[in-house]
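The following pair of complexes shares a single chain, subunit A, combined with subunit B in the former and subunit C in the latter.
And now, the complex of A and B:
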């Protein structure tokens, strides 16, 4: 008897798979989607570890010689033989006694003795690092990991902020319409009429530097696209029969807006959220590159790229390669995951 | 009589996902004789459209046609032809008219251009000849002022005219076979009649064959020579129209014929297909006892006076145009009775229902609910009355929130109106109600997409019942359902009316259904009520010209040849 009941329950729970469960099932069937999900999850685990200090906690330590090349290239060739200029000087110059005219001459000996008393222990610096070092000799790998933490953190939170603003205003404008809709359209038009990068500069100039500022700037300047899409969806859904039916049973405006309609447009919001994560990571890179991004004692992919341009002139390519490769990997994986998510969540495909 | 097309052992399945395959058509064979009309009849999902579209291979990408299937046309197997040679047949020898004329015509080209395209593709005519032929075709399908209509865009034409243009395109190259896939389902009854007559006339004149796909046996009986009845991808019965209608052999055919409400009798219950399929004797299924309407009580429940709804359209910078959706509608609703509202699309019948519930705000007028004017109440005062008037919408696929479980859908109105003691009690009531409307016990845990159309409509009915309403507005509530499902839902509505003593406002374009359900009736045309009274009296002796036109357009079903000629 119990087995029958259990079987019944199991069957019914399987049949009542909600939209999220079926969407997850569709996602697991998507090979590209799953691979990109694995990459993104890997990055997230990595930045979590970095955030709590398990990974790349000592990224500021100068562990290698300045501009240490990557290990697989080998140490930089040492200057062989004697310095050509030194040899010229040594050959022809006669020692000149300056003690008559140098007032400090009597003190040289004393200083030399005092200096001998102080022990200087210069830590041994590695000739090479796994993927090279920057101009201060900091490990590039640790820097990339720490930079990923900040860049992704900024990207995700700025996207959440922008999506929140865009969804709220879009829902209000699309659902209420009329004067409220007109007013919000006006706000939208003002925001979009200012060139995006100028708007970001304006915010940056007012708010100063720091991670939270970057998040605020990007969120406040980047909500317009989401607003537009959510508004359109709400306008479409507002007149749907299920919303009419909710009105007929006496559901309030708020309930219709957020309990009835929002879950039905959530796929749009989610996809926009993930698209904006990618967009904002790139935007943070530009901001930091231009010196409007994170503080100098922090590192992000943007500041690394900014440093890399000077190094590249000297032929030190490793910082640039490490940053672009990790950024490209994350951004591509995230974009592919977004595509897979959209396919899995789109109710039209059901 | 020789056969134009022979379909032999047609099997079509659809690939759904990686490992799932759904069989749509399972070994269907039928013949299309020359110069005859063959009707493919069946409910949704019966495979009738798929079978017809297989003839010209207009199937979705994921369709798999069985290797043994054959469609013979002029000594060739169309299923084995390369797609290039099939293109010369499509539109020239075999052409298709679809259900939705608005979405079948390209909105950015003029109708003349679209007809000309077909002619240029297949006939190789000169520009001048094409132009003349287009006008000739538009004249033939009965478009008024064809010379000026050549340059009209689809949206400038009415639905019936659009379908005429589709037919003009289809017959442009004098096809041997015209496939008409539910060509009149999206149209009003009076327009439907005109289109049917047009197809009939064209068939006679051009001596072509017509494959007519429909779910409506009444319609088919009027125009077809042969009938093929399909269900679940197999042919249940086929034969000459007289054989099918006078002596149906298959239980399913019998059921289809009997479960449609008829205009001449009004039995207590409608026969249901399941009873036929279980092989019960006909005498047990068909109830002959007539349904007796509840006597009108002295006090009306709702009295609507001078209801008016205007929409203001902006036609220019300062110009405004007022469109009256409902003009001065007054009517009375008596408790326990059913008020039928009939009219064609755009007649304002749905708006009347919306005005009563204040889902649309009226421009003028009063709705007196037991003497209290609902239209002047504030939102909070209205809440108490909200639950007393409820509505069941037309499309059960759109009226249920797809992200809610049935349990959530049913408990939400109870939460809003404070019915039930706590969540557990409300859930218990929801489960009981879903059983009452005939759903399985575990339905409350499921999502709407797991149910069929008829079951979803039952959920919508149960949602209304949670609030114990006095008045239920059924806005085309059974129009989107199959004939067999329609009967079960109508029976359920009647049972519930008896059980809870509810009053119905039954809005529909389907005059047979309204005739069956309604005690009193309103006939609406262009926003105005043109006739009102007891429904039996109106059907027996219509006074207004529009009502007469409407009633004469209802498909009468099969009538023996002799009678037809008369």
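And now, the complex of A and C:
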């Protein structure tokens, strides 16, 4: 008898594991979830290294011949025989003397001297690159890394922005209700009645281009789904006992909204955040492809795909394959991680 | 029912007002100066001033808003800034092309999605089911762009089975010749998400009590699945189709861009690239109104197929 009581006392004095600890434990038991977490972490390390310049800092350098094939295919066969154009030029190569009538004639000597002073060194270009080169001879591997950096960066920050807007407005609407709730519902109705892609187009038409603009556009156009869910959660929690108890001890409205209720709905927010990352990465790729995304001197998976479209007709498939594979790998891993996260945070859903 | 429809229509008014205000102030405050866009780079200050007067840009904002509202309700948006074509004419000539492509896509993707989802739900839990779910996850993670780029190259250019792109004046030629590859590609791409979604609808129904009752009274598995489950799973499927319905008027702007189909989606994209504000504004306002009407229609349809639904 005493042993049972002792065991009970020992168990109750030990603090039970928190929700995040148990969620993490469930996640570590999920093999698919851990594998996808490893892939996502690998990508994140890679893009952080690219962001600080450790990796792919020289992606714009033209290291190979134009459209250099991948090393495992081997260099392109050299054109044989005489150049037909050169033979025509060589036949009657007698320059006509125009110096009498050429207004630029006195300048030629000066220009020739100035040109002689400039040394142009054409660095040796590789015949093949590890996974081929693009039309300018830039290394595809470096471009894919740099493109991943920008695409994932845009996806993550747009999702954070959309989540911030959606959570703030949803919390306010669900918690406050009344006039404020009605007003926010009206805003929500207005945003959802415009088809999503038109909303993005309308924002793109007035806001212009660039990385921060794309983040802004996607965030402003994509918050409605999160708003809906967070609002429903807040309406449910608003009248719960723990919130009434917090009110009784004098917690302010802000404190009840964000210190008491928010941690209890944060699993919903977290799952939505990661769902939106995938969605926004795909959207950024399409926007950049259409020329509404990142600037021309930057590279993202979308701009790479738009280059790849023209290259494919010429038989240069490597940029398309490299971009597709890297994007599919990241997006699949992230989607599976999101599923695992949802299962871990909300075991009832299974 | 009549009272319900009237009330819903009445509730649309504030939303429509919101859309109009949103579009008006978005373009007014954040958009570039219309007179400078219209005048081009070489316009003199006098020309800019003349355009401003002509467009009413020197009027106070409420007068401009009134002009905007009038143009919405009279369907008179003037001409496109880029091409000079009347905006109403753009709608009339571009919409048929979009519908020629989008209606077959919607029908095919719904039918094929249901068939594939039933097949997968039939073998639920098996290795086939799990492999198909993994394949659809991978398929979903490849960008829509890749499917179109590769499909257009493979079937249009390399194999030469279909025209790479193009459009004609004849509806029949378009439908049987130019629209085939875009329709097939879009249907193929939508197969992965639709199969996953509809499979979950079927699985929700398969575990219901009425299915167990049907089996208990000796109904064959096929009859339970194809009669009892299918009819009930059609309700969420129909809702999903209704959600996609507004999209067929805008079309898949990507499909239209790739295959040079002169549809509304491609026209809107061109308008964005040219800062052609009247076209973007008109498309946004009208499609928002259309979306609201279609959503109402979907709710009424929902009531008709599922008598349990109470409209309030």
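The criterion applied here is as follows: the second predicted complex is superposed on the first by the 289 of 350 C-alpha atoms of A that agree within 3 Å, B and C clash if a C-alpha of one lies under 4 Å from a C-alpha of the other, contacts with A are read in each partner's own complex, and residues count from 1 in each chain.
Just so we're on the same page, contacts are C-beta pairs under 8 Å (C-beta built on N, C-alpha and C of every residue); 3 or more make two chains touch, one makes a residue touch a chain.
Being a predicted model, the structure only gives us computed values, none of them experimental.
When the two structures are aligned on the shared chain, A:96 is found in touch with neither subunit B nor subunit C.
When the two structures are aligned on the shared chain, A:246 is found in touch with subunit B, with no touch to subunit C.
Contact with neither subunit B nor subunit C is seen for A:314 once the two complexes are overlaid on the shared chain.
Once chain A of one complex is fitted onto chain A of the other, the partner contacts of A:305 are limited to subunit C, with no touch recorded for subunit B. In the superposition on chain A, A:52 contacts neither subunit B nor subunit C. When both complexes are overlaid on chain A, the residue A:120 reaches neither subunit B nor subunit C.
Once the two complexes are laid over each other on the shared chain, residue contacts for A:189 go to subunit C alone; subunit B is not touched. Counting residues of subunit A touched by each partner, subunit B versus subunit C, the larger count belongs to C. Shared contact residues of subunit A, touching subunit B in one structure and subunit C in the other, are absent. The residues of subunit C lying in touch with subunit A in their complex are 14-16, 18-19, 22-23, 26-27, 30-32, 137-138, 140-146, 149-150, 153, 157, 246-247, 250, 253-254, 257, 268-269, 271-273, 275, 277, 280, 283-284, 287-289, 291-292. For subunit A in complex with subunit C, the touching residues are 186-187, 189-190, 193-195, 197-199, 201-207, 278, 282, 285-286, 289-292, 301-302, 305, 308-309, 312-313, 320, 324, 327-328, 330-332, 335-336. On subunit B, the positions that touch subunit A within their shared complex are 17-18, 357, 359, 383, 386-387, 390-391, 393-395, 398-403, 405, 412-413, 416-417, 442, 445-447, 449-450, 460, 463, 467. Per the touch definition, subunit A reaches subunit B in the complex via residues 8, 12-13, 15-16, 18-19, 29, 240-242, 244-251, 255, 260, 263-264, 347, 350.
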